[in-house]
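In this document, chain identifiers A, B, C, D, E and F correspond to the written order of the chains, with residue numbering beginning at 1 in each.
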Amino acid sequence: KELTTFIEAENSKQKVQMSIHNFTNTCFKQCVTSINGPDLDNNEEQCLANCVNRFLDTNIRIVKGLQSMQ
Amino acid sequence: QISQELAIANATELVNKTTENCFEKCLTSPYNSGNENCVDQCLAKYMKSWNTVSKAYIARIQQASTSGEI
Amino acid sequence: KELTTFIEAENSKQKVQMSIHNFTNTCFKQCVTSINGPDLDNNEEQCLANCVNRFLDTNIRIVKGLQSMQ
Amino acid sequence: QISQELAIANATELVNKTTENCFEKCLTSPYNSGNENCVDQCLAKYMKSWNTVSKAYIARIQQASTSGEI
Amino acid sequence: QISQELAIANATELVNKTTENCFEKCLTSPYNSGNENCVDQCLAKYMKSWNTVSKAYIARIQQASTSGEI
Amino acid sequence: KELTTFIEAENSKQKVQMSIHNFTNTCFKQCVTSINGPDLDNNEEQCLANCVNRFLDTNIRIVKGLQSMQ
């Protein structure tokens, strides 16, 4: 039983990690358009945070939309 | 139980692809504001596209199977 | 034996489903360029069906070409 | 041991995504010369983006969990 | 038997990537007509590219292994 | 023990194969811009070899960079 709990916890941690990899990949492509130094400027930083939030909004909206179709 | 796992895999794939495509079509960098109206319409169009594609593909499989191609 | 038949049938159904997901993803990107309502217009609908058929033509042509190289 | 495998999977994913993104942003066809300076800055920016995305995502999960949304 | 499964996985990957790339290079929306001539030439070019890439990669691995880099 | 060695050898051969598939896919897209015959011209051939080498340079640089951050 403890092992099952441990595996489930690891699984959900891993899903969060993989989502972060995917969001970073998508949002980096859209928000970081030039490489002119090692730091993010304020616009890029804001765009990255917005991008994650808008992506999650879209995901939630889609799930609700699909549920209401059933 | 196998059928159920496959149904979940299919639903997950549908949610992921719809989210990606509708995020791409409805939202743009720097992502200051959302666009729920567009997301709703995009989801409706995506589901209709899924049906059209599905019909065309299955017609093609049946045709190939009738003509002895496969 | 019956279980094997059942699993094989599920597997091939699942492959068809996953192909439909992939075709819808590819063809939606190419054929549905604007979201201005919840319905597909005639051009989009025709483009989606053509897209699936041309993709399958290409796939068959490639497989034949690779076989003739061996 | 499970945790370790997941850590390796995460590190591999990070290396792959960073390589792809920085290759795309720093190098262009016909690839006659390298650009190590750009790759270094791109890596730094990617890691900072990873942090920003990570914070935004986790804030969102916590907010949803507090408000009872999930 | 393992070798055989890997050979199938490789052949499948080759068919999928060639189909995707040649569909992308030879056909365009709204996909009214096919272009078998282009697909044949594209396949030939893809296979030659595969060889060139393969040689360059293997030369690099051997060089790294000789110089003790790996 | 022999089986383990065999499986490991197959595994690493398979990884090399899959890398070649990925490099060919990426570099074909970047270096082969038009299909006007079944042969690669000199520029395309050179671009493909450069592309693999620059991609590997980037990969090595990223891995070193990540190691130095730890």
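The rule is short, and it goes like this: a residue touches a chain if its C-beta (ideal position, glycine included) is under 8 Å from a C-beta of that chain, and two chains touch if they have at least 3 such contacts.
Predicted model, so just to flag it, every value in this text is computed and none were measured.
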Worksheet item: Pick from B-C, A-B or D-F: which pair repeats the contacts of E-F, with over half of them the same residue pairs?
Response: B-C
Practice prompt. Could you compare the number of C-beta pairs in contact for D-F with that for B-C and name the larger?
Written response: B-C
Item to complete: Measure off the straight-line distance from the CA centroid of chain B to the CA centroid of chain D, and report it in whole Å.
Response: 27
Worksheet item: Cα centroid separation between chain C and chain E, in whole Å?
Response: 21
Discussion item. Suppose each chain is reduced to the average of its Cα coordinates; what separation in Å results between chain A and chain D?
Written reply: 11
Practice prompt. Could you list which residues of chain F touch at least two other chains?
Written response: 31, 51, 53
Fill in: Overlap residues in chain D, where contacts from two or more other chains coincide
14, 26, 40
Fill in: Circular arrangement of chains, read from chain A onward through chain D
A, D, F, E, C, B
Fill in: Contact footprint of chain F on chain E as seen in their complex
2-3, 6, 9-10, 13-14, 17, 21, 25-26, 38, 40-42, 44-46, 48-50, 52-58, 60-61
Discussion item. Per the contact definition, I'd like the list of chain B residues that touch chain A in the complex.
Written reply: 11, 14-15, 18-19, 22-23, 26-27, 29-32, 34, 36, 39-40, 43, 47
Fill in: Complex interface listing, chain F residues touching chain E
6-7, 10, 13-14, 16-21, 23-25, 27-29, 31-32, 35-40, 44-45, 48-49, 51-53, 56
Worksheet, complete the sentence: Within the complex, chain E is touched by chain C residues 26, 30-31, 43, 46-47, 50-51, 53-55, 57-59, 61-63, 65-66, 69
